[in-house]
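In the two assemblies presented below, chain A is common to both, partnered first by chain B and then by chain C.
What follows is the complex of A and B.
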């Protein structure tokens, strides 16, 4: 799946996206490392120039004798109908644990929109989250459900973005709450998807 | 941090455990272990005794509690340890400057005042009732019972015999009274701020971050602020007090028990370009950086848009639209609504919608538009928008044509030299180049009164259930067409 940057020229026979059985759309121009450690929920889009660092996973612990060796661990798991826009970097965070630096598996929920040029290194992102362009989610921050991260925001390390809030600034501060109708009203027409709502029509429109 | 509202009522609105925010940049602080060796490098003499030292550290701006010289012996109960250190800090400053009566900090003054006035209230409390602190609220009964069982104790009797003192005000420092001192080291503060300069002082926002920082003025005096807590709130209608939104009480769950959204009760407006096959891109879903530049609006070039009004009600609605001839703001664009009043059919069940969509020939509009863009000629380009005519009508939506002539970002050059005031007026601010059209929407419809429903309008006060009453609603909406090219 990962190809050198030189071979990005598109030929007419090849489509931009490879579609998997579960409906995931992965750009041929995405940079994906350690794909055995990446889980995609289905109908998820990985766009061109996205760096997915699945190779940064927890090293398997020493297996006691007689026990079966565990299959490889998940580094990044992404839910359903999540859109990762162009040139975003997704990199699992690491921290000191029992005197050793280990990578923490990263979880991203369903219907999450990640804008272009974002840098994601958070511990978890819940469902129906909107992340604007150029946002930086520092290591081990936690983004709760239905929150909105404005463009160009830097979420500081270890911050918890509460559910249903709007954060922005460098460092990110809570600026307000999303409306009570957050994520409602989409799906009226194909082009009328809304932030925080069902992203399936958006995923369908990406070809 | 989210908590339930009952917890906030009990414990206050700040986290009482170990959650603290950086006073300098508001990021969350992390409890960091300072190893013995590092300490040795920094302070070879002091560090001999401590094995375990923890500090609060901000990973964003590198502020740490070492700046105010605060260390913790254990990584838990930070609030307790911090309060203890703060108390010793303030009391030590008192003892050193006790001679010239250094004022107490606000909290101490307040507690002194509270205890003083409590005593005063107790002393001057109802002299007729010596059992004022008893749970029984009938003093006459109580007195009778008590006299049966041997009367009052010595102290209580003494209290009743004493003349009740009139309540007085606080007098001295131990009673919480502090008078204003004009000489209160103001000159020293001025001298310090002169020496440290702008960078050495703190902002008012930083001062307001926590009650402990209200009196701080300089960089090294900020204490970490406890994280503020959040709750969820229900919302009510301003006029009829009906609950509009009520979230489920459990923390972290974003579902609602009651949620009545305006969207489901008022007509919705949608704007898209008439000529381009692609709809207006939702600026929120930028997939690539720099995507919207492609369809920037050219000034002075008339653009035609399809404005679709979609009905959410189950009755046929008569719509009247109104807009100013030119948009307000610095860049005035001309707007013409070709058909400002029309009707929109009723909304049906979701099932009806699905059925009608499959029967309607217009449902493959996208395909037609795509075909049109391929072949270059289509019926939509042949069809000319006409004033007073509806463009397109479906069961519960009506489309009309709006013509917009974007204004120029630069004002026309003039021969007369402009004053400075005019020049500053002409300067464009952020997002002044976004073309936004305010539209006033008025919807009228006839609604059937449901049994049990009260009628607000006076003229319909005697309307019976089952009869039809006319209802109307008016509101402003803003339609955004795009950015004007410079």
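What follows is the complex of A and C.
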């Protein structure tokens, strides 16, 4: 009995990631809304199943007559060599501003690692941050440079995670500091990387 | 030749459009995103001003789903029973002004008005939530649990349940919350592109 060999052979032609001119790797299976409002810095990886809500941005006010309409606003901007792992949700937070509900543009720095299944709703994330899997970053929290968020952490709304600290728990508490030399030592070998360090080798290894 | 898969059906399964469309009763004021997934063979009813985000899943394979007025269902959340229910009552009723945040998995029998179901929380089968309940992010409500009005779930077991006295006693707090929700809906209505006609067909 001959079976049609179609379904498996047909798919293998396509690659998992689409690579842009600046080296961003975006999975074909990511769910991206509002592409025009998303900025990727280059060499950034968006893995499969990531929900990126670029459509949730500040709506330009109704333009007064004679005035030119502003170019579209950015909802999510992600820096260089940042890795967003599978099934993560990135959605800009909302707050009351001048009596109106508006979405706050979200900024994610360079060399940030975001673990699988995380939920990111923070106002800003600085560079060299490590976010573990299943972590929930509630609306309007701020994560400062070089900090580490342990897996399964819930960062409460509006919390500021200071630079160089380790936070964990539900709700998140400061558990300690990352210590000297965190993020150092990677990049010696090819495909070698450390938390909080340069993620370029990791990005390069993802195909 | 019975084992041979039907060629058209295999091709269909990889696309977004489900083979069986549920019967949908969507209020003209509701907003259902184009990329929302409404699955199953039972009835899904969505009341006025409710917003269903893209990639939200309403699974009516094992029972009817009804969502009250002014609710928000965020992306990646799943509403609906995952498997065959044990008893007769397999319907899911969600009240009005309920906020279901992203990644929440809701299989409850009834969710009261003004509830907040946090990010990546799980609400098991047969659960009955009262009014103004809050399930915090990553928390779980086990099968068959019944929670009274104003309960906050923030951990496991009875230690992780508490009644929110502020919301219960203060009418103005509830009023502020309600207004915040209303403003949120107002903004979202301008952003989420409505395509309920796709489901009404």
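Please note the rule applied: the second predicted complex is superposed on the first by the 196 of 207 C-alpha atoms of A that agree within 3 Å, B and C clash if a C-alpha of one lies under 4 Å from a C-alpha of the other, contacts with A are read in each partner's own complex, and residues count from 1 in each chain.
Rule of thumb we're sticking to: contacts are C-beta pairs under 8 Å (C-beta built on N, C-alpha and C of every residue); 3 or more make two chains touch, one makes a residue touch a chain.
A quick note: this is a predicted structure, and the numbers were derived from the prediction, not measured.
Participant: Looking at A:136 after the superposition, I want to know if it touches chain B, chain C, both of them or none. Which is it: first, second, both, neither?
Facilitator: The second partner, chain C, only.
Participant: A:101 contacts which: chain B (first), chain C (second), both, neither?
Facilitator: second
Participant: By the touch definition at the top of the document, which applies to A:160: first (chain B), second (chain C), both, or neither?
Facilitator: After superposing on A, A:160 lies in contact with chain B but is clear of chain C.
Participant: Quick check on the superposed pair: does A:116 touch chain B, chain C, both, or neither? Answer first, second, both or neither.
Facilitator: Touch partner of A:116: chain B, not chain C.
Participant: Per the contact definition in the header, classify A:14: touching chain B only (first), chain C only (second), both, or neither.
Facilitator: neither
Participant: Specify the partner with more touching residues on chain A, choosing between chain B and chain C.
Facilitator: Tallying touched residues of chain A, the top partner is B.
Participant: Between chain B and chain C, whom does A:184 touch in the aligned arrangement: first, second, both, or neither?
Facilitator: So A:184 only meets chain B here.
Participant: Regarding the shared-chain residue A:51, is it in contact with chain B (first), chain C (second), both, or neither?
Facilitator: After superposition on chain A, A:51 lies in contact with chain C alone.
Participant: Now for A:195: first (chain B), second (chain C), both, or neither, which partner does it touch?
Facilitator: After superposing on A, A:195 lies in contact with chain B but is clear of chain C.
Participant: Can you list the residues of chain A that touch chain B in one structure and chain C in the other?
Facilitator: 87, 117, 138, 154.
Participant: Mind listing the chain A positions that touch chain B in their complex?
Facilitator: So the residues of chain A touching chain B come out as 47, 83, 85-87, 113, 115-117, 128, 130, 133, 138, 144-146, 154, 156-160, 162-165, 171, 173-174, 180-181, 184-185, 188-193, 195, 202, 206.
Participant: Which chain A residues qualify as touching chain C in the complex?
Facilitator: Residue positions touching the partner: 1, 3-4, 6-7, 31, 33, 51, 53, 55-57, 59, 87, 89, 91, 94, 96, 100-103, 117, 119, 121, 134, 136, 138, 152, 154, 170.
Participant: Where on chain C does chain A make contact in their complex?
Facilitator: Result: residues 1, 3-4, 7, 10, 35, 54-55, 74-76, 102-103, 119-120, 136-138, 154-155, 180, 183-184, 186-187, 190-192 of chain C touch chain A.
Participant: Where on chain B does chain A make contact in their complex?
Facilitator: Against chain A, chain B makes touches at 1-2, 25-28, 30, 58-61, 230, 232, 235, 244-245, 252, 254, 256, 259, 261-263, 268, 270, 272, 279-280, 282, 284-289, 310, 366.
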